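Going by the order they are written in, the chains are A, B, C and D; count residues from 1 in each one.
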Amino acid sequence: MTEPLLQMTGITKAFGGVPALSDAALTIHAGEVHSLVGQNGAGKSTLIKILTGVYRRDAGTVRWQGREIDLKSPREAQEAGIATIYQELTLVPQRTVIENIVLGYEPKTRFGMIDWRVAEARTRDVLSRFGIDLDPHRALGSYPTAIQQLVAIGRAASMDARLLIMDEPTSSLDEREVEVLFGVIRQLKSQGTAVIYVSHFLDELFEICDGVTILRDGRTVGAARIADLTKLDLIAAMLGRSAEDIRRAGMTELAASTTPAGGSPVIEAEGLATDRRLRRLDLSVRAGQIVGLAGLLESGRTEAARALFGMDALTAGQILLDGQPAAIASPRAAIAAGIGFLSEDRKTEGIIPDLSVRENLTLALLPRLSRMGVIDEARERSIVEHFIRALGIKTAHMDQPIRELSGGNQQKVLLGRWLAIEPRFLILDEPTRGVDVGAKREIQAIIRERVEQGCAVLLISSEFEELIEGAHDIVVMQEGRSVTRLSNPGVTEDQLIHAMAAGGAA
Amino acid sequence: QDLPPLEAKDSYKVGFAQTESNNPWRIAQTKSFQDTAATCGWELVLTDAGGSAAKQVADVDSMIAQGIDVLFLPPREESPLIPAVMRAKGAGIPTFLVDRSVDPNVAQAGRDYVSFLGSDFIDQGGRAAGWLTENFKGDKGVIIELEGTTGSSPANDRKKGFDDAIAGDSRFSIVASRSGDFARDEGRKVMETLLQAHPDVNVVYAHNDEMAIGAIQALEAAGRKPGEDVTIVSVDGTRDALQAIIDGKMGVTVESSPFFGPLACDTMKKYAAGETITPWVKVEDRIFTKENAAEHIGEAY
Amino acid sequence: MKRLFGQGHVAVWVALLALIVFGALRYDNFVSAYNLSSFLGYNSMFVLISVGMCLVIMTGGIDLSVGTVAALASVVAAQLSPHGLAVALPAGVAAGLAAGALNAGMIAGLRLPPFMATLATMLAAKGAALRLSENRAVPVDWASDFTKLGMNKIANILPWTMLIALIVVVAAWLIVQRSSLGRTVLAIGGNAEAAHLMGLKTHRAEIFVYVFSGGCAGLAGVYLASGYGAGQPLEGAGWELAAIAAVVVGGTLLTGGMGSVPATVAGALLFGVVFNLLNFENGRGTISLSAHWQSVIRGFFLLVVILLQVRLARPAAKK
Amino acid sequence: MSLRPDRQLSGLLVALAALTLLNVIITPNFLNMQTLAVNVSQVATIAIVALGMTLVIASGGIDLSVGSTMAVAGALAPIVFLSDWALANPGLGLTASILLPLIVAGLCGLFNGVLISMFGVQPIIATLILFISGRGIAQVLTNGNLQTFTNPSFTWLGTGRVFGLPVQGWIALVLTLILGWVVRRTIYGRYLLSAGGNERAAVMAGVPVARVKIATYVIAAVLAGLAGLIVVAINSASDAARIGQLMELDAIAAAVVGGAALAGGRAPILGTLLGAVFIQLMGYTLIANGISDEMTLIVTAAIIAVAVWLQRGRRA
C-alpha cells in the first residue's frame, strides 16, 4: 500500500484531568472516505479538533503526507490542505451567505480589494452544486439550520482540500439533501480528496464510506474496511457488547404503532397561522399518542412547533387544550400548561453553556422545585441524578459545565430538561439528532414509556424510519400548511415521500 | 491693532462661556452673572463647556456666530483658550477674561482682549502660607497638602504660591502633597489615608474649602482635634469654611470670590464709555480668620 | 445606497436632518459659514475617534482609552511643535498608535477582556500625559507651521482637519466593505469562535482595530493641540462614551458583527448638532437653560433617538 | 457551584495576601485598627455598588448610570429631612429620607430595565441616558447647590461604628452574604445566570427574562442609591455634581477583577467583594506611600491589567 495521507497514533488528551482520548489512532489514505464512529463522548470531535489545531494534544504523533506535523491553529490546518466542518455550526450568522462562503479566501481585484462580483459568482456556483436556491445577500442566520449546514459544507468543499473532515454533517439534513451531499462526496473522492465522515446514521456509512475507525471511551478499538462489517458488528464494537445482545433488541425503540392510542385529544390546533411562514395548521394529538410531523425543509414544521409553544404570536386560529381554548402567549405559559419543546437548535435555543449539567437540566422545572423562590437543592440533586442515570448521560459530575459535554450528551441533558417537567404534551424537534445508536434507542424507549403513561407527543423528524415506526399518525406539511394525515399501521416510506412532495403541485 | 470698540447702549447681548458647573464656586459665579444680567441690561448667552477647554472654544465660536456684543470668558486653561480670544477679537467682539487669564506671551490685555478681571491664584497660596508662618505656634510644622484637580491651573498655582512661600521657613516641611480633586469626599478619603501614614501631621493646607472640610471630618474621625492640634488653612471663603473658622476648627481661608457679575458690569460700562481699562482689574481678595469670619458669614455662598 | 441608509441606520440620518432643519428655521446664523466651519472643526475630533471606535465595536470589543490617548497625543505633539508639523503630526499619531498597540497586545495577545484592558490604558495614558506635561497644558509653538493644521480652512468653511477625518472615514469604510481584513473584523464580532475555526486571521484583525482606533485618537489629539493651541493632558474625559454613543446611534450593535461607518459619522455629528443647538437656544433669550437642564435634555434627546431607532429597526429585524 | 469560581477566588486571595504583606512591610502604621476602619469605610460604597453591578453584568448587561443614581438619591435625602414636615416629625422624616431616595433610585433602575428588556435597547446606551441626565436631574433638584446639614441620626449611616468597624462596612458584608445566597439558592439567581448565559434558550425554558432583567437593574439601582445615601451621610453634605462620579468604572473593575465575565452568565458575589477590597487596598497603598498622582494612574493601570490577566490565565 502507498504512504497514508494521514496517520495519527497514540493520541492522548485530557480536559482538566479527565481523559477524553487515550491512545487513539486514525489512518486515512488519499481518495478514501473514512468514517469515524463511536458513542456520544467517545472522543470523535476531540480527535478531529486535535488534528486541526483547535486543541493541543498531550501526547501522540500526527503524520501528514508522510511528514510529522504539529498544527497550531485551524488556519494552519487549512493551509496544509485540511478543510473541516465542525460539529457545532461554525459560521457567522450575522453575515451574508456570500461572506460565509468566501471569508478568509476572498477573491481580490487588482487593487487588493474584495471582488464582490466574483465572490457572488463563486457562491452561486457552490450553492447550485448543492441545489440550494436562496438569496446569497441575506444574513445566513435568517436561514434554517439545514441551509446553514449546507452552506458550511459548501464552504469547506470549495476549498480544494486534500482532506475534508465532516463532523456529523447530516444531523440536520433530510434524505434528499443527504443524497446531494453524497453526490458531492463521490465527486470529491474521484478527484482524490480524502474525507473523514462522522455520523451516527450507520446506514449512511455503509452507503458512502470505504473504511471505518471505531472509538470507544477515547481509545481506538478497531479499524476495518466497511465492506467487511455488518451493521451489527459495528454497533457491537461501538458499544463494546456482543452482536447477539444487540440483535435481540431491534432497531428502533419507538414502535408505538403496536399500541393503539386511546386517549382524548390533549391538544388541538385549528387553523393556526403566524407571520413566520405558518399558513394553516390543523392538528390534534391524543393522550398516549405520538403524532409525527413530516415535511421537506422549509415546510414549516419548526414554525408549527413554535406556534404551539407560544413563541410566535398567532395571526389566525386557536389552540385547544383538553378541548378548551387556551391562550398560550409565551413559552412560560406553555410550560405552565404542561407543554415541553425540545428545540432542534441545541446551541442557540437549548443549552446555557456556562451553567452546569444540573442547572441546565432543572431549568424548566425550577418553579416546581422551589418554595417562595428558594430552590430545594436536595430534591434538585436527586432528580438530576435520576436523569443522568436514566438517560446515560456521560458527565464527570453533575456540576460540570454543560459546554464541556459532547454534543450527544448535551442533547440528552436537554431531553432530560423536558422529561423532568412531566409534560402532558411534548414537542420533539429532531430529538435524536447527534445521538449515537445506543443512546438513540434508550431515548426512544424513554419516549415510548412516557407515551404509554399518557403523554402526548408531537415528533418532528427527518428520519423516515423514526416517523414510520414511531408515530401513530403522521401529519404532512407543505409550505406552511398541514396537508395530509396518514395513519399507522400501514404507512410506507414511499407513501410518505409521495405525500411530502406531491402536495407542492396541488 | 486696536481693541474692538463697544458702543454705549441700553442693552447688550452678552456671552458668558462658563467652563463647568460641577462645583459650588462655579455655580455661584454663574449665578452672579445671571443676577447681574437683570440689573445691567444684559441679554445673557450662557454656555457650559463641561470641563473641556476645546468645547469652551467651540462654545465661544457659537456665541460669535450668534452675534454677541461682549464676551466674558473664564478660560479653563491658559493656552488652549487663546484661539477663542483671538477669534472673538477677529469678530470685533470685546473680550473680558474672568478669574483666570491666558498665556501672556501670545495674547495680551489691551491688545487682544480688554482686561483680565480676577485674583491671583499664586498669591492666594502665598497668603495662606503667610498667615500660617505668622500664626503657627509650634516649632515644627508637618504639612499635608491637599491639591486641587491634578493639572488644573488653580491647583498648580495655589501649590506654587504656597510651596514657594513656605520654603522660606525652616520650621515647615510638606510630608505629603496629593490631589483631592477639589471635592469634599475625595479630600476626606485622601486625608484619612495620609493621616494613617503620617500621624505626626499638624498642618493641613487645602487648595479649596471643600477639601479642607473633608480633612476636618477625617481628622475628627481619627480622634484628632482640628484647630487645636492640627492647623488648617485653605482658599475660597465658603460658608462652611467660615463656620468652621467660627467653631475654631479651621485657621484661615483666603477669599477667592466668585461674585464677578457686578464687577463685570461695571468694567464693561466703563469700557463702553470710552475709559481706558487697566490690563488687570484686580479683585481684592479678603482673608477670613477668627476675627472677621462671623461678620462675613452672611454673605458667603 | 442601501448600504448607506439601510436597516437601523435610517434613524440617525433622519434625526440629523431633522435637527439641522429645525436649527436652520429657528435660529439666525445657525447655517452660517462661521458656525459651520467651527462646528466641523470641533467635531472632526469626534468623527475620528468614533470611526476608530466603530471598527473596534464591530469586533465586539470596546475602546475606553480614546479620550486620554488623544490627550496624550496632544501633549506629545505640542511638545514637538517647535519642530513643525512634519515632526509633531507623525509623533502625535505614533503616540496614539503605540497606545493602540498596547491595547492590542493585552487583548489579542494576553486575551484580556477589552473593557478592562482599555480601561487600564485609559488610566495609564492619562498618567503618562500628566507626567510628560508636568501637570499643565503645554503651549504650542505659534511661530511654527504646526497650528496651520488646526486653524486653516478650505474656502473658509471646510477645516483641514475635517477633510483628513473624512479621508480616514473613507479609508475605514473601504476597509470594512472591500477588504478581507474588514470582513474578518465583522466575522469576529459575529462569532469569534467560528471565525477562528473558519481559519480567519482573527488576531491580525483584532490587532488592527485597536491600533487603528489608537491612531485615530492620536490624530484627534494632534488636532486638539494644533487647533486649540496646547497639548492638554486633562482633555478627553468622556470622549469614549461620546464615541460609543455615536456608534450605537449609528445602528451598530455593541455585540459586534455588523455596523456602518457612515452612519457612525452621522451619529458623531448628531451629538455635535445637539450641543450646538443648545448653545443657540440659550442665545435666543427666551429661556436660559442651566447646564443641569442641558444635560437632562441631552439625555432625553438620546432616549428619543434610541426609541426612534428601535421603532425603525423592528420591522426590518422581524423579516 | 463548580470548582471554577473557587479557583478564581483563590487567585484573588493570593493577590490580596501579597498586597497586604507588602503593606505590612512598607506602609507605616499599617497594622492598626484605624487603618482597617479607614479602608472598610472607603471600600463599602464601591463594594455595595459593585454587588449590584455584578448582577447586571451576570445578566449580560452593564450599568453606567449607578453614579448618577447615587447622586439622585444623595440629593434627595437632605431635601427630605431638611423639609419642614420632616423637621416637625423627626422619626418619620428620617425614615422617609432613607426610603424615598431608595424608591426613586429603584425607579431609575426600572427605567433602565424597561428600556433594555421591553424596548430592546442595548444596556450600555440605555444606561448612558441616565448617566447623562440623572446627574442633571439631581442638580436641578438642588439647583446645583451643595446641601450641608447636621443630622446625627442620618449621619450615623456613614460615621457610626458597630463592633469598632464602620456601619457601612457591615452593610456591605451583610449584602454580600444575602446576594451570594440569592444567586446560589434562589430561582431568581438561577434565572439571572440563564438569561445572561443564553437568553434565547432561557426564554424557551420558561425563564421570565424580561422580568428578571428589570428586577436586576432595580436591585442595582437601589444598591447604588444606598451607596449614595452613605456618601452623603459621611460627608454631612450632598454635592449632586460629585456624588458617585466615576463610580461605574470602579464598580465594573471590582466586579471583573472579582471574576465576573462581561459576556454574562456568571455572578461571583464574594469575588466582587474581594475585588473591591483589592482595588481599595491598592489605592490606599499608593496614597499612603506618597506615589504621585500621575504615577498612581499608571501603576493602577498596570495592576488592573495584571489582576485581570491572572483571572484569565487560570481559565485557559
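Some notes on this structure:
As a working rule, a contact is a pair of C-beta atoms (placed from the backbone, for glycine too) under 8 Å apart; a residue touches a chain by one contact, two chains touch by 3 or more.
If you're wondering where the values come from, they're calculated on a predicted model, not measured in any experiment.
Taking C-D and A-D together, the chain pair joined by more C-beta contacts is C-D. If you average the CA atoms of chain C and of chain D, the two centres end up 29 Å from each other. If you average the CA atoms of chain A and of chain D, the two centres end up 44 Å from each other.
Taking each chain's centre as the mean of its C-alpha atoms, chain A lies 72 Å from chain B.
Mean C-alpha positions place chain B and chain C at a centre distance of 33 Å.
Each of the following residues of chain D touches two or more other chains: 139, 144, 293-294.
Residue positions of chain B touching 2 or more other chains: 21, 150.
For chain C, the set of residues touching two or more other chains reads 130, 135, 290-292, 294. All chain pairs that count as touching, in label order, are A-C, A-D, B-C, B-D, C-D.
Looking at the complex, you find that chain D touches chain A at residues 1-4, 185-188, 190-191, 193-194, 197-198, 200-208, 265-266.
If you check the complex, the residues on chain C that touch chain D are 106, 110-113, 115-117, 119-124, 126-128, 130-131, 135, 241, 244-245, 248-249, 253-254, 290-300, 302-303, 306-307, 310. Chain D meets chain C in the complex at residues 64, 115, 119-122, 124-126, 128-137, 139-140, 144, 249, 252-253, 256, 261-262, 293-298, 300-302, 304-305, 308-309, 312, 316. Residues of chain D touching chain B in their complex: 27-30, 32, 34-35, 38, 41-42, 139, 144-146, 148, 159, 231, 234-237, 239, 241-243, 284, 287-290, 293-294. Only residues 21-24, 27, 147, 150, 176, 178-179, 183-186, 188-190, 192-194, 196-199, 210, 213-214, 217, 221-222, 239-240 of chain B touch chain D when the two sit together in their complex.
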